[in-house]
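Some structures to go through are shown next.
Presented sequentially are two complexes of chain A, the first with chain B as partner and the second with chain C.
Now for the complex of A and B:
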C-alpha cells in the first residue's frame, strides 16, 4: 500500500468517525441548549417563589413539570451520549441507532411540550398515579396521555440505544459477566485482561437502565389506559413503586453514564490509565445491584409499605455511597495527586462533576434515614440534594465533556498543553460558586421546613428564593457561555 | 433535629469538598500505590462500621411505630384541595393516632408546629388507610399542610387543629 492510499484510508476512516461523532456533537449541543432553557424555567420558579414575578399557580406547575421532565430527560440524554461516544471507541456501534435514539427523543420532547404548553398538563414529571387522570379540570385526559406518550417515545429511543450497546459489548467481551469484569471481581482473572473501566460502567448502566425503562413502560401504559378507559384502575401504591423504581434508576443512570467521561478523559490529563482493578470491578456490580434495590428510600412515608422495604431503602441508600466515595472519588483523587495534572476547563468541570456528586450524596444519604425523612421529605431539602449531584455533578460532567470535545487544537495533539486561562477560571468559578450557593439555599430552606413544589411561598420564605435567584442567574450566565464556547468550537472545527 | 441535620450534612459536605480542593491544589505530585490501597481499605471499613452503627441506632426504635390500642384517634381526609379533620382538639402529652385517607389522588399529610417546623408526615395513598402516631410536647395551634404535589391548588391545602394543655 502506498503512502497516498494510506492517507486515503486514514482520511476515509476519519470521515466515518466524524460522521459518527457528528451525531454526538449535535446531541450535546441540543443537551447544552436545553439545559440553559430549563435553567431559565427554574429561575422563573424561584423568582415567583421570591415574590419578584407574578405567575398564576397553573402556569407555575406547568413550568415545574417542564423543568422536571426537561432536566431529567436532558441529563440522561447527555449521559447516554457520553456512554455511546466512549463505548464506540471500544466496539463499533451502528450510527443509525443513535440517530433513531435522537429522533425518538426529539419526538418525545415535542409531545411533552405540546402536552404542557398547549394541553395545559401540569401533573409534575413524576406523573404520580392517579393525578394525570384527576386534574380537577385543569387539563384534559388527552393532554396527560400525550405527555405520557412523549415519555414512551423517549423510553423506546433509550431502549434501542442500550440494546445496541449491550449487544456489542456482550459479543466483544464474552457475555455480560465478561463486560462487567466478573472474572476479575471473583478472583479468577487478571487486571490486564479485564475490559476498560468505561466498558464496565457502560455495561452496568445499560443493564439497570433497561430494567428501569421496562418497568417505566409498564406503568406508563397502565396510566395511559387509565386515562382512556377510566374504569381500568391500578393499585396506587404499586403504581408509585413502579414510577419511583423507573425514575430513580433513570436519573441515576444519567450520572453513572456521565462518569464514563471521567474514566476516559481524565487519564489524558494525568498520563495514567484509569485501571479496571478488582475493587473497581466489584464496585460496579455492587452499584448495579444497589441502583436496582434502593428506590424504596423514595417511599419512606408510605406507611402501607412493608417495613423491610423501607429498612432496605435506608441501608442501601447509605451503602451506595461507598462505591462512589471509596472507589470512583478516591481513585480520582489518587490519580490527580500522583500526576502533574494539567487543568483546563474540561478537566476542571469533570473533576467538579465527581466532587459535586460525592458532596451531594451526603444530604441524600441523611434524608434516606427514615427518622430524618419524616421531617425532611418533600421539603426543599430534596431539591437541595438532587441539585447538588445533578447541577454540580452530571451537568458539570456533561459540560466538561463538551469542553473536551471542542478543546483547542494544541490540547488535542498534546493533553499536556492544556491550560486554564484567566477567562476559563472566571467562568468555572462563576458556575461553581453559583451552583454551590443555589443548592445551599435549598438545603437551608429544607431545614427550615419550606415545602417543595409550592407555587406560592409564605412571606418569611421569600428572601431564600430571592437569594437562590441570584445564584441561579450566575449559573445560567456560566452555562450560556459554556454553550456558546462549545458552538464556536464546533464551527472552528468544521472550518 | 432540623438544624442538627443541616449542621451534620454541611460538615460532611465541607469535608469532601475541602479534600477535593486540597488534592487539586497539591504540589509536588506524590503517589504511593500501596499506601493508597491501604487507605482505601481503611476508608471502606470506616464507612461500613459507621454505617452499621448509625443504622442500628436510627432503626432500633421503629420510626413508624403505632399503638395497638390508641386512646386518641383523629380521622383525616384529603380531597383536592382541602383537609377534613374530625376533631378540632387533641390532648398534649399522649400518643395521638392520625388515620389519613384520600378521596382522590395521593396527598402528603404534614403537621407543622407554631414555629413553622414540620414535625411528622405521612403519604396518603388512594385505597389505603395511612396511620401515623405522634405525641405532642407543646400545646398550641398546629397546621396541616399537603406535602405531596396534588394539582393546581396543592399549596392551598391547609387546615389546623389545637393541642390542648393537660
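Now for the complex of A and C:
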C-alpha cells in the first residue's frame, strides 16, 4: 500500500469512529458558546473604558473576574478536549472519565458564576491572597470561598482527565520517558519507534498541568481555610508564588494542549505526517522544564523575591520562545511550503493559531525583562500580549478544531490544492483583522502607559478603548458565526 | 507461609503495644509510626479463601470505603486524645487500625480499578498536604495531650511523608521501558498514520 492510499483509508476509518465522539463535540459546543459570551463581557468592559456605556465600578470588577476566569477556564477546557480527542486516537481512553471531567467542570462554573453574580465576588481570576478575604465590604468571605471551591471542582476534573491520559500513555509507550520520546531525544532510539508528535505533546502538557494544578489546589485550600477561619494565615509571598506558578502553567497548558490539533490535523491537509524528530523530542522536554521554571516573571515587582529567581524568570523567558518556534512554527512553515496545502476554514484557523501564538510570545518576552517590566507591568501591555496568544492563538486553534470536526464530507478526502473562498474567507478575515486590531490597541495603549484593570479611563485614553470596541465587535461577529456554523455542522452530521 | 504472616503481624502489633509509652509520648511517632505499624500488621494478615472474589466487595469499593472512613475517624484530634485517657478507646484503636484500615485496604486495593488507585494515591498526597498546612498553621492547639510546637512538628512530618510518597510513586514512571507492541497500543483501534 502506498503512503497516500494508506492515508486515505486511515482518515476514512477514523472519520467513522470519531464521529461517535459525542462528549467531545458537546464540550466544544459549550466551549465555543462560552467564548462568545465571555467576549461579550469583554466588549462591555472595553465600552465602559471608552466611556460609551456606564457601569458601576463594582460591576466592572465582577465582569472582569468572570471574563478572566471564564476565558482561562474555557481555553483550558477546549485545550484539554483537543488533548483527549487526539490521545484517544493512539490509546483507548475510558469515555466515562471525560464525562466526569465535563460534569465537574460545569459544577465549578455554576459555583463561580454564583459567587460572582449572586455573591458579588470581584477579586479577579487570580484570587491573589489575601484579596479574596479583604473585599472592603463588596462581598462576603463565603462568596470568595464559593468562587475558590468552583476552582477546586474544575481542578479535580482536570486531574482525573490527566490521570487517565497519563496512565494509558505510560502503559502504551514505555513510561513517561518513552512517551516523551526520550530514547530518541537523548539515546539511540530511532525516529520510527518514537511515539507520534501528538503523544509527546500530550504527555508533556499532562505532566506540567498536573504539577500546576497540584500547587494551585494547595494554595486554594489554604485560601479557603483562611476565608472560613481567618486565624489560619498564609505567607503572602509564598501564596503569590504558588498562584502564579499555577496560573502561568495552567494557561500555558491550554495552548500546549491546543497545539496537538495542529500536529494531528495539519497532516491531513499537507498529506505528510508530523514527524517526531530528535529536535522535536528534545524541544518538548525543554518546553516542559521551561514552563515550570519561568513563572517568576510575574513577580518582578516583588522586592522580597530572591534576585536569582527573577533573573531565572527573565532568562527562561528569553529562551522559552525558541523551542516552541523551532518545532512548531518553523516546522509548520516547512510542511506547508513543501505541500499543495488545502486551505479551508479549519486549516486557516489552525495556522493562524500557530502564528498568533508565536507572535504573541514577542511582547511577552519583552515584558519578561526586568527593566521593561518595571514600567510595563501594570499597563495594558500585559493584556495586550496575552490576548495575542490566546485570542489569536489558543482560541483560533479551538475554532479550527471545531471547523475540522464538522468539515463537509468532501473536505475529508485526500488533500488537494484548494483555496479559502467566499463566505469562509470573509469570516476568517473578519476574525483575523478584528483580533489583530483588538490586540494591537491593547499593546499601543500599554506603550502609552494606559494602566490595566482600571474600570474608569481618563478621557484622553477613551478613543483607544472605542477603537478596540469596534475590533472586538468584529471578533464577536465572526465567532458567533463560527459557533452557528459548528452547530449546523453537528446537526448535518447527525442526520 | 500463613504462620509467618500471622507471626509478623503479631510481632508488629506487639511492638506497637509494648512501645506504646514511647510512641504515644510524641504526636509525630504516635500518628506517623504507631498507627502505620498497626495498619501494616493488618495488611499482613492472610486473606481467608474466597474473600478475594466476594461479591459484596466488587471493585474493592466496600473494603476501600471501610478503610477511608476508619482512617477519617482515627485522624480526628479528639479521637487521638481519647486513646490516651480512655483505655477502651486505646483497645479499639488496636483492633480498628489493623482490621479496618490495613486489612481492608489490602482487600480493596487488589480489586480496585487502576484509575481508582491512581485517584486514591493523588487524594492521599493532597490530603497529607492539607494536613501539613493545617497542623503547621493552626492558630490553636488541636489536641489536649500535645503541645502547639509538637503539632507543628507533626505538620512538617505530614509534608515529608507526602513528599516521600510522591517520589516513591512517581519516580518509577520516569524509567523508560519497552513500549507495548503497536497493535496493543491502539487497542484494536485505527492505527496512527505513519506510512
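Everything that follows uses one rule, which is that the second predicted complex is superposed on the first by the 468 of 495 C-alpha atoms of A that agree within 3 Å, B and C clash if a C-alpha of one lies under 4 Å from a C-alpha of the other, contacts with A are read in each partner's own complex, and residues count from 1 in each chain.
To be clear about the criterion, contacts are C-beta pairs under 8 Å (C-beta built on N, C-alpha and C of every residue); 3 or more make two chains touch, one makes a residue touch a chain.
This is a predicted model, so every value here is computed, not measured.
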- Touching A:279 in the superposition: chain B (first), chain C (second), both, neither? first
- Task: Pick one for A:73: touches chain B only (first), chain C only (second), both, or neither.
- Result: neither
- Message: Which chain, chain B or chain C, ends up touching more residues of chain A in the combined arrangement?
- Response: B
- Between chain B (first) and chain C (second), which, if any, makes contact with A:378: first, second, both or neither? first
- Task: Could you look at A:362 and tell me whether it touches chain B, chain C, both or neither (first, second, both, neither)?
- Result: first
- Message: Per the contact definition in the header, classify A:138: touching chain B only (first), chain C only (second), both, or neither.
- Response: first
- Between chain B (first) and chain C (second), which, if any, makes contact with A:333: first, second, both or neither? first
- Message: For A:449, using the defined touch cut-off, is the partner it touches chain B, chain C, both, or neither? Pick first, second, both or neither.
- Response: first
- Classify the contacts of A:302 with the two partner chains as first (chain B alone), second (chain C alone), both, or neither. first
- Task: Once the two structures are superposed, pull the chain A residues common to the chain B and chain C interfaces.
- Result: none
- Message: Can you tell me which positions in chain B touch chain A when the two form their complex?
- Response: 1-3, 5-6, 8-10, 12-13, 16-17, 19-20, 23-24, 26, 29-31, 36, 39-40, 43-44, 47-48, 51, 54-55, 58-59, 62-64, 80-81, 104-106, 108, 110, 112, 116-123, 125-128, 130-132, 145, 147-156
- Would you pull the chain A residues touching chain B in the complex into a rising list? 57-58, 61, 122-124, 126, 128, 130-131, 134-136, 138, 235-237, 240, 279, 299, 301-304, 307, 310-311, 314-315, 318-319, 321-322, 325-327, 329-330, 333-334, 336-341, 343, 351, 354-355, 358-359, 362-363, 366, 369-372, 374-379, 381, 388, 443-444, 446-449, 451, 453-456, 460
- Query: In the complex of these two chains, what residues of chain A are touching chain C?
  - Reply: 2-4, 6-7, 10-11, 13-14, 17, 89-92, 94, 97, 159-160, 163-164, 167, 170-178, 182-183, 187, 192-193, 195-196, 214, 217-218, 221-222, 225, 229, 231-234, 267, 273
- Spell out the residues on chain C that touch chain A in their complex, using ranges where they run on. 114-115, 118-119, 122, 125-126, 129-130, 133-134, 137-140, 172-180, 184-195
